[in-house]
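Two complexes follow with chain A in common, the first pairing it with chain B and the second with chain C.
Moving on, here comes the complex of A and B:
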């Protein structure tokens, strides 16, 4: 069964061509129809939004059923569609299908019998790509903070100690990013499947073309650096807090001793006067 | 005190690797003489240029196996040590009945769900027989399951769907270089399983595989005698080995303390082994591994890459010639030279067609292309043919489970310092020949070390314990078949 068409393409497109505006949600609700169930434990569904739904799409997918996927004119049109907002869209010709990948957009030209499997694959891969992109973006935003926090990782002062809640919040956010990355790892780094299916073959090639493994490796290395710094910051904050409490206790003892000395002196002087 | 004299017969990868390894491991004085019958080094590793265009191609060994994901990979480490860049090779498509069949979806569409089920069952059985770890590091001396020594046709015949049976047979035919009934179940399954990356992957040396022997030869401190065909080998009265060679019609005799015969099994029949014991041991050795397999390589340079978009991988299989591998040779060197296609015709087809002229073979190769490539004829620039008859082994390692010592020392009693090295002792691959070379080199190095230091006048005593050999073995390099 074909999924709902969200954007009506001009009739000049091959019959059956559709675009899907896709969002990733836990629940389908009234938002649309399930395009793909993401594997456990991702707990997400790729949902094709219904026509007229104004919800912003997380990605758009163009699906063109065509027996000759190497038709130059059609390829040019799909490239034009996918190039909106993308500087250099990727294109893969594989096993009788043409796949295109751009920023927030993907497209497939394939015979009708292969289309559904490839749509599902693209919807899944787009989720991983969006996740990796989001983590890259978030981590990129952390660099100025990291530079500022590198000093306290070695030596903490009173002013920074007052900001310890912010440090803790950044550490928590980083752990959150690490968890997101770790959750998609088994799917992005899935081993070669043999005997292969068309979806597994295309998935391997697209992951390679999008340099997913390489980018994940870099993200892991960056997260390691961030975690090391904030881990050290955490240790310094604990030490600082402990030493501050220690100082307070020392001061209390000193004051009490001083008071006791004063009382003893007062008592001695009183006895001497009498 | 004189240095040990080591004679290595054969300037192919086996001879060069043995010499290089001895040189690397030995601490005692020695001299290596390498004797090669032809006028070039490299043997079955042969990278050639076309005459009329700037393009090169593999005329011999096409690819190297990558086991590095499993553990140590001595050949990949050696290639890295020599500073050679590598290029990955991929291929999943078979052209069957003029249409590509690349995955289970294609099989389902073409032959139906029963075919997919039959293929999945065959795949499961193959993987049950040999795990990736067993594939990587089998015990070559283990007797194991005797059924593994049956013909591979037994496994194929168990596939209930004829189209699937034919697909599997054709897909691995050019790897086997023989027909399924002429090889063992184990070797057949290994050649099927190597398509799964969990077991291994393939690569070539960017710029041509011949860079490997060339770089090895550059680093050798040995006397290399080209055009020296070895006529006979015998033991001298002093216990050394006398090797008679022929060069430009004249004969000469050299004596060595140890001799490594690094020749293809078939080439050994041209060498006379004198002395009853040696002659009979070598005859037995030859007979044990006498399972000839054949290749023909047809390579054609074109003006245009007319297969672009249809063949996007390094190679695909054709259902012609009983199963033939079609290499996109230009994928080894993206961006350089003319586009080149190479046909690897194997087994009985190679033997039957070898008598045809080069022109006829080129014509047959072009005829074998699927119809959607038929327009390629108009782009031909130049074609080349290379014949490799009886060049590889259909049952490498033999049918019997033999110890590594038995394989490498054909006559250990009277001729303990005569060693055999070759891919036929392991798996008919470049990886196997390095394993074999390392084993022989380990023995020689331990014999060298075992010889009294005051005098190297006599060769070492027979039967150096393996413990001593182990001492000089730097790492467990004897992986894989």
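Moving on, here comes the complex of A and C:
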């Protein structure tokens, strides 16, 4: 049974058409129904928010049950819906189903019998797309820091050593991004499923259209560079800290020797004075 | 970054200094708080070095450049101190080692030591503190202080001994004050990059200050019970010349406690916001503290020397006996008021001062 979701579509849409405002949560919230269980170990559920829930959606999904998915007028309307904010929405026609992909929005026109499987597929793919996008954005923000931190990877000075907490924090954030990427990797770079299903084939095509594998490869290369630099920074910081402790001990000895020298100097000066 | 608490504390030190110098040099009266000004000045100079270097770091100036500027400023103060002795205290007192030469040396030292952990700097202070009385014994301190003031020959041993141990403000133990000031500043004022959003509590500073005061009182109390020669050579009672262990610990305590309390009251709780006139005066006097130091000496010593030259047998004949306290006291207050007005005008019109000369030469 379908719980009511957003019903803001005008009656001119085919009967049963619905938009889902989707969020991804570890636990099910009070208001919403589970649209899809993301595979282990993602440990997330795609939740379709109930109408009236003001929680900001992470993606919107338009689901249109229609026996003739190639209806030109309907396709035009769906394209219009999906094009909000997207410059060039993607469209796939496969075995009687029409799938659309835009920025933060996806839509499917398919016979009722196939609709649920495709909704689940789109919800899953949207999660991967969101994750990749978030990692790309976070990593993009690291570039100015990377340029500043490339020097300390080779040689550390006192001022950089004082910033070691920040260096460590960036390294931890990068490891977090790497972990997020690695977690979705088995699902994005999965080999072809045999025997193929409608969902698996559509998934492969959409991933290809969205260049997910290529983007992940780029992200991995970028993360390698970041990790290499911050790993070297960590080594330099450790070496610097160790040498600083050693220097401190030496300086304490020097101060003691200086004190002794001062006493001797005073003795000499006093003798010279007298 | 200016801290009103530092301005207030420095203005108090300036006011005390002017009053004490006028009373002592013109009337020969040694007033009880005579020893407060110089240690406060020295402590605040160390604190200021920390704040100043932080501001330079925030502008992106490298450590090496900061070190160079600090060394230049330190040398400037040292040379200014020698020139001041020659011109104000007359050439016979060229090497009497006053507060400027000590602060200049401390600035050079801190230029190299400032990156080191505070614990290490505290260790250096402890070594200086312990060593100082023994150096005085070794140098036979009393033989440098005949007639109640410092006198030395212009020979290398005398000059060096005076600089290090027996002068008015020698390095041992006076360098402790700027270093402790720097340690207090390092604890309280940190870099934005250090990632500490909330200001640190001043409680440890006040606690250390109270501990120093307790040590001072303890040394004073047990002094009479100690066997000879400790009371005569090491724990000598509350004396500024030489700076005895009681005096040093007591003044460190006063400086730390008063700064801690004023920092909370004025900088954090903004207690003086309703009296902007006070803040205006303290800021002006603090901003021109070096100029005030030089000017008030010139204002009261040069007329004294000129009068002595014209109407006495030598320039210093009327030193300590020129006028009664009833005249020198009001003159000191008048000098403070005149300086306050003058420096407000100087600030408004951006007239050059000794501070601006130092910046122009050294920065």
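Annotations
Assume the second predicted complex is superposed on the first by the 254 of 274 C-alpha atoms of A that agree within 3 Å, B and C clash if a C-alpha of one lies under 4 Å from a C-alpha of the other, contacts with A are read in each partner's own complex, and residues count from 1 in each chain.
Operating definition for what follows: contacts are C-beta pairs under 8 Å (C-beta built on N, C-alpha and C of every residue); 3 or more make two chains touch, one makes a residue touch a chain.
Just so you know, these numbers come straight off a predicted model, no measurement behind them.
Looking at the shared chain after the overlay, A:70 reaches chain B, while chain C stays out of its contact range. Contacts of A:96 after superposition on the shared chain: chain B is touched, whereas chain C is not.
Contacts of A:201 after superposition: chain B is touched, whereas chain C is not reached. When the two structures are aligned on the shared chain, A:270 is found in touch with chain C, with no touch to chain B. By the document's definition of touching, of the two partners only chain B reaches A:192; chain C does not. Contacts of A:116 after superposition on the shared chain: neither chain B nor chain C is touched. When both complexes are overlaid on chain A, the residue A:165 reaches chain C alone and has no touch with chain B.
On chain A, the patch touched by chain B and the patch touched by chain C do not overlap at any residue. Those residues of chain A that touch chain C in the shared complex are 157-159, 162-163, 165-166, 248, 251-252, 255-256, 259, 262-263, 265-267, 269-270, 272-273.
Residues 92-93, 100, 102-106, 109, 119-120, 123, 195-198, 309, 312 of chain B are the ones that touch chain A when the two sit in their complex.
By the touch criterion stated above, chain C contacts chain A in their complex at residues 57, 62-63, 115-117, 120, 123-124, 127, 131, 134-135, 138-140, 155-158, 160-161, 164-165, 191, 193-195. Contact residues of chain A toward chain B in the complex are 70, 93-96, 113-114, 117, 191-192, 194-201.
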